[in-house]
Structures are given as structure tokens and as C-alpha cells.
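Labels run A, B and C following the written order; every chain starts at residue 1.
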């Protein structure tokens, strides 16, 4: 570590107003894009890459990194306010964030999301700055076998995010996994369940599905219950979480940031997986797991710190190996190449200044995110106070146009509406929706890597148990599954006890 | 009186509005370019760089629209079905010739009016730096001695690099296992991590890892050596007569007026010759391979025949 | 919830059965032993097993929670259905009519459905929404939006 050069890089970033401005523009744009359903951090970075043609590398990369950090946080805003994860990585934030908003604590949840995003982002960025070479080595150890095991481990958290009924949670999970098999088979290319439609050849597009299941389904139930539900009295005014909230969440933020950084550093696994795993871990280790799902501040802290820490983690393999750690960094790889820079070991040798500038930009971008977010929280939280008669049609348009914009395809809009109906019905009969999302993310990962392993081994199943990391992950998956079943029993017992006490209290 | 003036005025205005487009020179409004691949990918970045230069010669702005999905099928279909007025251009790629033999799309290159080819990049057989073979021949000998050991990664089943690897195995008579990945990058990563024996993807996709000393190229499937790695010999030089490229070009829907087509062809050709675009190609190490409308048409027909034949031979084509 | 769980479980079994039926028509893979139908078959079996458990639980009276039936006579359900039809119409008209007109109609339509009838408010909200979203998508992010019948006028 060359501290002199690192110091110099901070100077480059903070003292050049062009660069600083680029970061602030990037962060503000990123938060906006992230908060809008249908526009993800990936899309934001991809759409803005062309603007960096012909601009100096430090400035271009600073802006793109700003979008990346801002977008990751922005997703939580719509998750908390309108039950729509603005980005897939914020899907887990809906679980606790939305109930908090419904209770009138949107301001508190938003403030915690911001604080957790900042802390997670900082921890991820610091690990990236100081430990990159050590972490990068692990990423290369992951072959198809390890990816299959990782997918199994990820799926083991389904029970933790299932809500009241394990059976229905698992059914949702299987339904999601089946949806993920729609489209061209990843190994033989055979089109499965496509009903002769080209639009389905790569499966149901992920973002339209997400918008349908969450946003559109929620709009239907809002419209149905109009007039029945009371208007939410939102208390806003805070832009940072209270000291008490920080104290209850500190432990979770630390743990989730580490989980986020590690998951981010594994190529192909991103913020969505990190957030779900952290949520499950927060619930597992909690003293009162039965309160999860009712709007618990620790839940928001865990998911938001995890997905932002992921950004720093995902940059590690990109910079040191030239291998992107998630979807956003895959686009960033292209941005580097346009600048004539090839990420990887050579970048460290020949352009160490660029590497250090990236470190500095990432850290400054997190600070910028905290500032812009703090100013913005007051405005965002006002959304919840808008009359429903006006808010609902606006969210309808945003959801439908957002689904269209992704691929400029009307079919995807119909898909969104279809999933809106499915989501509405499932939710009404207590089938949880989050397992579907997790399954859509992990299903292709599990299947393609299992089949890849089989291609390599010639159909010999022993290959799955031949590698220590993979076996470790599979053991962890089984342990986690057992723990969450046991935990669920404990939750049910406590809830029945609580009911009995309430009944006694009423009769006495 | 007043009324008549007004009527005349309206009449003039109406004729003006409707007559103007016929008289004005093409283009008189912004042009849309369809990209069948997602934003930020190799095709998208190339197309945006090219469009940015072409704007100067067309005098109108160009919007790139990404209509992705179906392994490129959706975007190609959108180009084919666009209104043939020259205001919609599209980037067509190798998949236009590999999807029809698989029975995945109900149209082929004949449904397009080709404008120009932009680049063509050959496949390169790339292995780990510390592998015990340094030439194509040594690789083939090794593969023959260890028939079940060779795994070659590609970017998707039936993709250009799957076909390239299959063609190579066919011509050298070796047994290989084809391992499809979701894009070339993860396959290259798996090779660097030692989980595969080789990949047969293009040079821009392995350049970084080769320069970093993690991988080495055994041969390129081209008639000429690569500009960036002149020390690497071609397959032909090593006694295996295989040349295999991926290509990208611009295409129009059928029926665009000849003068409009000529204007587009001329403007995009000039765009390819600008110093900025040349600099872009150099940085991304893409291999420019301009062909005009007529040559590109002939190329497409020949390429289609070749690809179909290879895919049939490999069992990738649907009967 | 008993009836609801019975219906839900049956739907799961039907879906699973369909997947297995479709899977049986997929080409086998002789070399690796597992082909395109391998994964869907396992998942479908899992779905069927858990659907059966759900039905059995419903029968022995262990269904959880209360279920609200969907009744077409319910005012709320009627409203939700109308909104569903409205967005389907919007999607169908999105390209032919164009984004601006279709959006203005949808926003105003849904507002009327939800009980806002004041013309001035309808006009302001629908125009502002349409313009604002167009600004973000088309102008800032350069994503193209269909202009439909307005294209000739612009």
C-alpha cells in the first residue's frame, strides 16, 4: 500500500471541482434512478457510459461510481415508501421497511436506510482499498461446483423470508424456481416453456417480473382497500437515525457489511443475494425473531448495509483480476476499456494512480451519498403524504413505463400486469412473494452450474463433493436450513404465547 | 376578405407541412439505431461510438435503442419489421446467421438490406499460461493422449464461440467437452481460475488476461496474424486450415429508397474513418473490417452457408 | 382458509403436472445423463409434494389464518378489476396512440375511478405526470418513447 499515492489520489478527487461535481451529479442521478421502479443501478451506469466518451478517466469513473453507490441506496426509498424495490438489491428491504412506512415511521426507516447504506458502503470501500489483493484470490477459486453450492446456500434462507407459513414459502420458492427455467436451457440451448414466443427465450425479464409482483400487486390491493384504510400520518423531520436506533443496529450493520463485501467479491453474486442472506442472518441471531416482518429497524439496517457494501466488494475482482463482481461492474469494465484502461493485474502495475483514484472516488462517493441523501430524505418521505388518488395513477405509469424502458418491448409490460395479478392473489392468500425473487435470482445459477459440473465430469456426481469450499457451503446450507426451521417453531410458540396472554388479559 | 386571407394562409400552411418532407434532403429528423444487445455490452459500446461520429455527417442526432432478449432475436426482428424510411437503422450481428439453423427465429439475413460490415474478430484458442503445451500441435497431441480431459468454454450454447470450438475440434480430430457459460467473460474467468482447459473466444475478450500473464494464445483462426499479438501464429500456419470470425454490421429493413440508403452508407462509412473512431477501435482492440453494401450482402450469403454447414456437422442445427 | 388452501394446493399440483408433461417431450441428454428436463422435473416434484402437504393440512383442519374470498359483488374488487382493464388498455394503446396521449388518458382515468372528479385537478396531474416521466426517461436517460399518432405532428 502506497499511502503517499493514496493521499495524493484523495487530493485529485476532492480538490478538482470537476471531479467532485461529477461525483455529486452521479450520486444524485443514481439515487433518482435507483428510486424509480424499473431503472436499476446497472441500467443507470450503462446509459451514462456514452456520456464519458472523450472525458478524462478520473472524472468519468468518479461519476459512474457515484451512480453505482447512489443507485444502491436509492432502491430502498421506493421499497420503504411504496413497497416497490427500486432495484433488485432492495427487495429484502421491503420486508421490514414497508411495514415501518405504513406505521408512519417512513422517516425513521429512510434515515436508517441512508445511514446503513453509508456505513456499509464505507466498510466495503475500505476493505476494497486495503485488502483487495487478498480477497481477489478467493474469487478465482470459485468454479461451477462452488457456484452451485453457493446457490444452494442462498436458497436455504427461503424459510427465513417466508412469513407465517413455511409450506407456502417453499411453494413460492418452487414456483419461482420453475419460472426461472423458462427460456433457453443454459447448456443445450433447447427452448423450454416459451409457447413459441421469442420474448420468452431468455425467460421472463427480471425487472418487469419484480415490478409486477410488488408494485402492481400492491396497487391493486390499495385500490381495493381505498377508503377502508386510514391515511398514514407520517412523522418526518429526521435525516439521521436516532442514537438508540444506531445502537440496536450497529451489530447487524457490521456483520451485514462483511457479508455484503464477501458476496460482492464473488463474481456473479450481487447485492440482491447479499441483502437476503444478511436479512436471514439478522433474523437468525436476533433475540426476538418473531418481530421480524412487522417493521423492525434492524432488518432495514441489515439489508441496506449489505447491498451497499456489495459495491466495494464487487470492485475488488474487477480491479485486481479484470473480472466483474456483479452486473454493474460488468458495465464498468466496458467503461474502463473505452478509457483505454484494462482492469486486472496490469492496471496495478502500470496505472496504480487510476486504481487509487477509484478507491478515493468510491469513498468520497459514499460521503456524497450521505450528504445528498440527508438533504433528500425530507422530500422523499413526503411521497407517503400524497393523496392516494393521485399517487396510485402515477405509480401505475412509472411501473408500466419502467417495464417497457428496459427492453423497449410491449410484451414485458403485459408480463408486468400478469405478474401483478399473480402477486395480488398470492399475497391475499398469504403466499410470500420474496421467495419467488430469490428463486429467480438463484435458480439459473443453481441449474447452469450443476449442469456445467456434469458436463465437465461426464455425468459423475462425485464432482460435487470433491472441492472443500463447495462442501463447506453445502454444509452451511443444511445447517442454516435446520436452524431456520427450528427458529420458525420458536417463533410460532412465542406468537401463540403472546396470543394466550392477550386473551387472558381480555377475559380478566 | 379577412376570411379569404385566413383560408389561403391555412392552405399554404397545410401544403407547407405536407410538402416539406418530400422536398427536404434526408435526414430531416433524428435517426434511431436499434441494438439487439444490452446497454454497456461490446456491441452497444461500438454502436454508440460509431453513431456519435456519424451524427456529424448526417447532421441529425442518432438515438441508440436497445431492444434485447431472445439471444439477439428480438432486436433483429425489430430491425426487420421497422418502417423502411431510413430513419431506423440496426446493428446486425453474427447471431443473425446462427439462430435460423437452430430453428430459433423464423427469418434470416435475406429479410434485411445490408448497409455495411463494421468489424470482424477471429476466434483465438487460448489456454492457461502454465499449460504444458505451447503450440496448436502440442495441444492437439495432448488432447489425443487425454481424450476425456479437454474442456472448452464458450459464451452460450450454439453461440459463435461454441461453433468455433466445435469447428476446431472437428478439423483437428480431437475429443472435447463444450462447456457453455453465460457470456464470454465468465468462461475466461473460469479458465484463469483453472476450471477449464481452453476457450476459443475473440482476442479483445482475452487480451487483458494475456497481457497480465495469466493466459497464452496458441493460435488465431484467421488468415492474417493479429495486430496486437503479432507473435501468435495463425491456425493455417500451424497446419489447420480454419478461419472463423464473429462480425457486426449495419442493416436496414427491406425497401428503403436508394438515395436514402446511399446517404446512410456514405455517412457511416465516413464515421468509420474518423480519427476518434479509429482511436476507439484501437483502445478496444476490435478489428475493423469495412465492407460496402454489395460486398456485405455477398459476405452474408456465404457466411450463412458456412455457419449452417458447420452447425449441421456439430449437431447444433435443428435437422 | 381451508377452501383457499385446497384451491392453492390444486393449482400447485396442476402446474407441477404440466411441467412434468412438457418435460417428457424435451430431448434427453445421453452423455451427461441430465438434460433440459432434469431441473424442471425435480422442481415440479417438489412443488407437487408441498402442494399435497398443504391440502392435507387443510383437510385435517390445520390451515392457518383467515382468507378473504374474492367476490365480484365487492365494490373494492370491482374497482381493482376496472383498474386492471385500464392498464391492459393502456398497454395495448401504448405504441399506436403513443406515450403522451395514452398516459394522459390513463392517469385521468384512474383518478376518476378513485373518486377525483374535479376537471382542473385531473388536467394538471395528468399533464404534469406525463411530462415529468417523459423528461426523465426520454430526455435525461435517452430512452426512446413511442410518440404514436403525435409523431407526424412533431
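Criterion: a contact is a pair of C-beta atoms (placed from the backbone, for glycine too) under 8 Å apart; a residue touches a chain by one contact, two chains touch by 3 or more.
Given the structure is predicted, the values throughout are model-derived calculations rather than measurements.
Chain-to-chain contact here is organised exhaustively, every possible pair of chains being in touch.
Set side by side, B-C and A-B show the greater C-beta contact count at A-B. Chain centres here are Cα averages; for chain A and chain C they lie 22 Å apart. If you average the CA atoms of chain B and of chain C, the two centres end up 36 Å from each other. Between the CA-based centres of chain A and chain B the separation comes to 33 Å, rounded to the whole angstrom. Shared interface positions of chain A, defined as residues touching 2 or more other chains, are 47, 185, 187-188, 408, 455, 458.
With touch defined as above, residues shared between interfaces to two or more other chains in chain C number as follows: 142-144. Among the residues of chain B, those touching two or more other chains are numbered 64-65.
Within the complex formed with chain A, the chain B residues making contact are 38-42, 44-45, 48-49, 52, 64-71, 73-74, 77-78, 102, 104-105, 148, 151, 156-158, 177-182, 185-186, 189-190, 192-195, 207-209, 211-214, 276, 280, 283-284, 316. Note for the complex: chain A touches chain B at residues 42-43, 45-47, 49-50, 53-54, 140-144, 184-189, 191, 198-202, 205, 267-268, 321-324, 330-331, 333-335, 337-340, 342-346, 407-409, 444, 448, 452, 455-456, 458. Contact residues of chain B toward chain C in the complex are 32, 63-65. Residues of chain A that touch chain C in their complex: 29, 32-33, 36, 39, 44, 47, 164-165, 167-168, 170-171, 174-175, 177-178, 181, 185, 187-188, 190, 192-193, 216, 219-221, 223-226, 228, 388-390, 392-394, 396-398, 400-401, 404-405, 408, 410, 413-414, 417, 420-421, 424-425, 428-431, 446-447, 450-451, 454-455, 458-459.
Those residues of chain C whose C-beta lies close enough to touch chain B in the complex are 142-144.
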